[in-house]
Amino acid sequence: MSAVLCDDVDEAVAGIQDGSTVLVSGFGMAGMPVDLIDALIRQGARDLTVVSNNAGNGDTGLAALLAEGRVRKVICSFPRQSDSWVFDRLYREGRVELEVVPQGTLAERMRAAGAGIGAFYCPTGVGTPLAEGKETREIDGRTYVLELPLAGDVALIGAHRADRIGNLVYRRTARNFGPVMATAATTVVVQVREVVEVGALDPEAVVTPSIYVDRVVVA
Amino acid sequence: MSAVLCDDVDEAVAGIQDGSTVLVSGFGMAGMPVDLIDALIRQGARDLTVVSNNAGNGDTGLAALLAEGRVRKVICSFPRQSDSWVFDRLYREGRVELEVVPQGTLAERMRAAGAGIGAFYCPTGVGTPLAEGKETREIDGRTYVLELPLAGDVALIGAHRADRIGNLVYRRTARNFGPVMATAATTVVVQVREVVEVGALDPEAVVTPSIYVDRVVVA
Amino acid sequence: MSLSKDELAARVAADIAPGSYVNLGIGQPTAVADHLTREQGVVLHTENGMLGMGPLAHGAEIDPDLTNAGKQPVTELPGAAYFHHADSFAMMRGGHLDVCVLGAFQVSVRGDLANWHTGAPDAIPAVGGAMDLAIGAKQVFVMMTLLAKDGTPKLVRECTYPLTGLGCVTRVYSDLAVIDVGPGGASVVEAFGVDSEELGALLHLDL
Amino acid sequence: MSLSKDELAARVAADIAPGSYVNLGIGQPTAVADHLTREQGVVLHTENGMLGMGPLAHGAEIDPDLTNAGKQPVTELPGAAYFHHADSFAMMRGGHLDVCVLGAFQVSVRGDLANWHTGAPDAIPAVGGAMDLAIGAKQVFVMMTLLAKDGTPKLVRECTYPLTGLGCVTRVYSDLAVIDVGPGGASVVEAFGVDSEELGALLHLDL
């Protein structure tokens, strides 16, 4: 269905349920939907599973959501950073679950969810602690581990520019997880720097087609 | 390795071995690398497996390669067309093998080959004759069929424009199979309408990054 | 009165929710596009790699690089986007299209679809995107005559033609009736010039 | 004489074939970039979604939307291309990079790599792209000191740290020697100020 242009970020995150799985784009701060996360903090949904590359930096954004005790589980590739003290403390106190997934497998599992793939055999992590307990299979002389799709109820995405029907372009390496997460969630909410008229984006250069986008807000 | 700019299409297809699997882009004539196929006919490689959406139209291009008796097997989604008389005759005479693959599965199997995925569970074709003999698996209440990667020794691709290191852009729906096939073959040969200087393509709008491209020729 | 092809296309178009993303299969379903209104804001997908497909191109508009899935030249509407085949079929397989409209040889009361192969022993098999379309969209509508030219029903208890997809069709639009199909069997939504009993007799089904 | 870090980086850079596509891991491998010559025409990949990465950005060049995998601001070279994470890691996993240069805690003589986790029971696990890089490139080079600070060998018969990848490293570049590893075991390519016997004694290995 067509994307809706929201008046503000609070409208954009309205209705997110307790217990939701929330995909959050960004790699470090690049592509991070900071204003949507702030709105999610105000919105109040609890018991969330957050899927993102990292587990928060400093005391804002994801870290603030964690600090409020609203996150039950983090699925990410790299929680430990120099400024991930909020996550570190909650994890050591046993107050947040952690599932560590290799970065490419994290992206590919979300792609699978968006692409209707039931599962895939992945060579990453074979023979390592992250493959323990997972089904393996030898195909054409190489060993693979079975990986399952990872879908979100909601995706919060930071993009550069949208047109009024929700086609998106990103900027430089801020593109990162946004286009994949946009395919993998039931409700896709995007914060952009600018909304332009339909026809103003080059159809050859659209990265996320409007079909994937539910709500757009300028922030 | 860096792409090589070839002087002509014969140089571009040099060295293709008998028995090769050749991926050929295009959907109908859009994106079809007609001049590379003509060069492959002159080049002489035999006993080829051709992977393409269709199995040749009229008496030129893929149809001419088939008519020369150079193709052992066709892997495609839609061989039968109003003007596919060359393929139709060879097939009925038992002179060419055919593997019919649903169009999306054809694309996804090549993507898997290019992305290092060992196999994937696909919902397409479950319960149909095209899934007969294939392993199935129920995941989360839905039945899937196991599909294997499809790699090429060579890909022949029609694109719109390349820069001198091999970054590619396509035009409109002529993009079709080109970007996927470029990831899935050992040697990727591309015919373009124009080669531009490095830096002349918008890095945000490059569709096939140069890493996938081995040889470029203007035709 | 039974519906003409054009009336049927209009009936399908009227049932498509505003703002839907829709794929219209090759053949009769293509005619649905002529009945979509601008106000509906429906965006058309073509599986060869485009959203925002416009009407068929004529004369100077024709661009060999821009075709629909039937390889006919088409036009581009504002807000269009192009993507490659793996992305286009990921969009379909992933269930992102709201509606797909297809033709059929047979549909079963449980929603099985047969539309790619007559089963004739000398036919060359060719599936294209039929199986991907069948299983991908949130709703799969079939447009067909309810009876074949020889009078045999095309809505059947079990398909006898080779299947395209299992339990994938949600609704059949035909000259004689609109019929929902699915796990609960067939139920008539609206009949044109016949009643349910007459339909049941024609189809050898309890409706 | 053993090599300084800078000399080691220069040695690695000299071994990278012209026209290669290369990913330089976080930490010491990053220094290899300073020794690549323009004539080599090496294209750098960063797994957060870019080919054609340039040097670190300074002052007015800094763009928060353009960082490397270590989240440092970087620059863009002509001929660059951006792509999303699934495409970036497909590129790695699919074996399209010619060379990847990584740091390591341990490497086994068969090429097993341990570089993501010390195994300390209270450490918070964090893998990032380490496992994807380890298994993806055509050649995986490791840059490390041959001995840990306490003198224990880092090139070992069997890794005792948690593994990043099995049999993935092709060559180790260290302060004391360049050593090939793989299915046939370890073999010294070049030693710096020591001979093979001394190396073997330091590492408790037959070399």
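We call the chains A, B, C and D, going by the order they appear; numbering starts again at 1 in every chain.
In this text, a residue touches a chain if its C-beta (ideal position, glycine included) is under 8 Å from a C-beta of that chain, and two chains touch if they have at least 3 such contacts.
The structure displayed is predicted, hence computed values, not measured ones.
Engineer: If every chain is reduced to the average of its C-alpha atoms, which one ends up farthest from chain C?
Structural biologist: D
Engineer: Would you mind telling me which chain pair, A-C or B-C, is linked by more contacting C-beta pairs?
Structural biologist: B-C
Engineer: I'd like the Å distance between the centres of chain A and chain B, where a centre is the mean of that chain's Cα atoms.
Structural biologist: So the centroids are 33 Å from each other.
Engineer: Could you state the distance in Å from the CA-based centre of chain B to that of chain C?
Structural biologist: Roughly 28 Å, centre to centre.
Engineer: Which residues of chain D are in contact with two or more other chains?
Structural biologist: In chain D, 76, 82-83, 90, 92-93, 135 touch at least two other chains.
Engineer: Out of chain B, which residues touch more than one other chain, so two or more?
Structural biologist: 108, 111, 115-117, 122-123, 170-172, 203-204, 207, in rising order.
Engineer: Any two chains that touch count here, so list every such pair.
Structural biologist: Pairs of chains that touch one another: A-B, A-C, A-D, B-C, B-D.
Engineer: Show which residues of chain D lie in contact with chain A when the two form their complex.
Structural biologist: For this pair, the touching residues of chain D are 46-50, 63-67, 71, 76, 82-86, 88-90, 92-93, 112, 117, 122-132, 135, 162-166.
Engineer: Okay, in this complex, where on chain A does chain C touch?
Structural biologist: Residue list for chain A touching chain C: 1-2, 111, 113-117, 163, 165, 167, 183, 198-199, 201, 203-204, 206, 209-212.
Engineer: In their complex, what parts of chain A are in touch with chain D?
Structural biologist: Touch list, chain A to chain D: 27-31, 77-81, 87-88, 91-92, 98, 100-108, 110-111, 122-130, 160, 170-180, 207.
Engineer: In their shared complex, at which residues does chain B touch chain A?
Structural biologist: Touching chain A from chain B are residues 108, 112, 115-123, 137, 139-140, 142, 144, 148, 169-172, 202-205, 207.
Engineer: Quick one: which bits of chain D touch chain B in the complex? Just the residue numbers, please.
Structural biologist: 17-21, 41, 43, 45, 51-52, 76, 78-83, 90-98, 135-136
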